[in-house]
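Residue numbering begins at 1 within each chain, and the chains themselves are lettered A, B and C in the order written.
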């Protein structure tokens, strides 16, 4: 393997391709979560599918970081590449964390509002996906970031309402513990999309 | 807008001014939280006030990071500026997270000790405020950092005592869940002041 | 003190020595935790011992970061040194967080499986220790990282099983809250070993 040559003459495009692949995969994870919540049957099988998507995400992140560490000249700031890749991966990790908790907590029925919250995540990963696809040309990057921020606020409002309802209505403390955590983890997944948007905005400003 | 000129000839002072404004605003948030806990009435109105302060904080942080990304020469390490601004903002986010949970959890009465914990946060944000005001001259920076560390230890002790009491005395698991989280979130807010102190110390050492 | 000379002619070895000392100390903490769980008596005394180890860790981390901020030329990337030291310290902080919660929650009897989870942490800190000891020569660094990753997966599986069992078997919600958190905090300690491995891998790749 011509390692040194690779280092001196990196294919810059590879980063953009890997970012696109990573973002598409995250969106795939959110799509599978919404599908699971809207078709709540064969739960273990559907959750396993999300776990498989998450493993693919780990590999893509690993490939990207390995390439980063072996590359001298990067298309934009090394630190931002690292940060962007990690934050995108966080979204998928948390999507998987929600799915796996449905099995671990032995959840039989999805609470009202929870699929709505997952659909906000799905809209947000769709914006992340579009933004990442336009990262090289930086077309409309800021518009996607603004929309991700708006969705995060919407997710925040919905999750607060759901938590307040839980404390108001749920008399079984064990059910309360389960759903409080499920809502919180899903909300953090949406938050992480905003972290992605913040890195994208920084990249955009630096290269303006 | 003379963007390029702005980039080449940055007003370095702007960073120090924005840091001071950010720290004053964080202290304002902690002041409002202590006021709320000491005068526990019109809760929703007082919590809204803290939310407004938090929004101002978001804008100040955004301004600072935008300026950072548009500036070539920074008064100290780019990474430390970013880190400092983020950590200071975290303190306010968590202050707001405490306040909003009082509404979400429908808390009618403040538990003994909780206002004391908030007063430790207030003392700590006061030190952060003073340190940030002296950032440019680096007067007494280390003394403020040492005091912030001392306050963090005090907060840690108090919150551990409160959690132990909760598990010992509170028989209603739902109340336990609420107050365990309120104490933990407030303690993390105090922790984040220590993170601010750590960045300040690093900045001070590098420029010694 | 010949500060400037120190800055220009750093003893590079000092970093490797401090990293080794830090990793040995983290391993000491995990060893003390396993001992506590396997010999669950004189709990407060044993927990205090772990707290003392954690304080030593804080001092070692502080020394390392102070040296870093005073050094111009570092043996590898400044950012990676900072990151590595922080992540290693996180492992010990979380080990201490587990131990102190046993006192705060007034735990009288250790639940089945919990000592097994702590033994996974111990195996993992042993790998961290060996990797750090070989950091300068980079002997077998990747093998240690692979083993740390494998242990993290094992810890993840065990902690998920334990949480599922808790929700299945534990009828007392207060006990459930205590043990859910104990398992989660211990699992995060194991996760942090994987974060250490990731930084080690990055360092290894950059210097390959």
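Assume a residue touches a chain if its C-beta (ideal position, glycine included) is under 8 Å from a C-beta of that chain, and two chains touch if they have at least 3 such contacts.
All values reported here derive from a predicted model rather than from experimental measurement.
**Q** Counting hops between chains that touch, how far apart are chain A and chain C?
**A** Tracing touching chains, the least step count from chain A to chain C comes to 1.
**Q** Could you work out how far chain A has to rotate to sit on chain B, using CA atoms and steps of 5 degrees?
**A** Roughly 120 degrees of rotation.
**Q** Would you kindly tell me how far, in whole Å, the mean C-alpha position of chain C lies from that of chain B?
**A** So the centroids are 27 Å from each other.
**Q** Mark out which residues of chain B touch at least two other chains, giving numbers and ranges.
**A** 79, 173, 177
**Q** What does chain A use to touch chain B in their complex?
**A** That would be residues 79, 160, 163-164, 167-168, 173, 176-177, 180, 198, 202, 205-206, 208 of chain A.
**Q** What part of chain C is in contact with chain B in the complex they form?
**A** 3, 65-66, 69-70, 79, 100, 103-106, 173-174, 177-178
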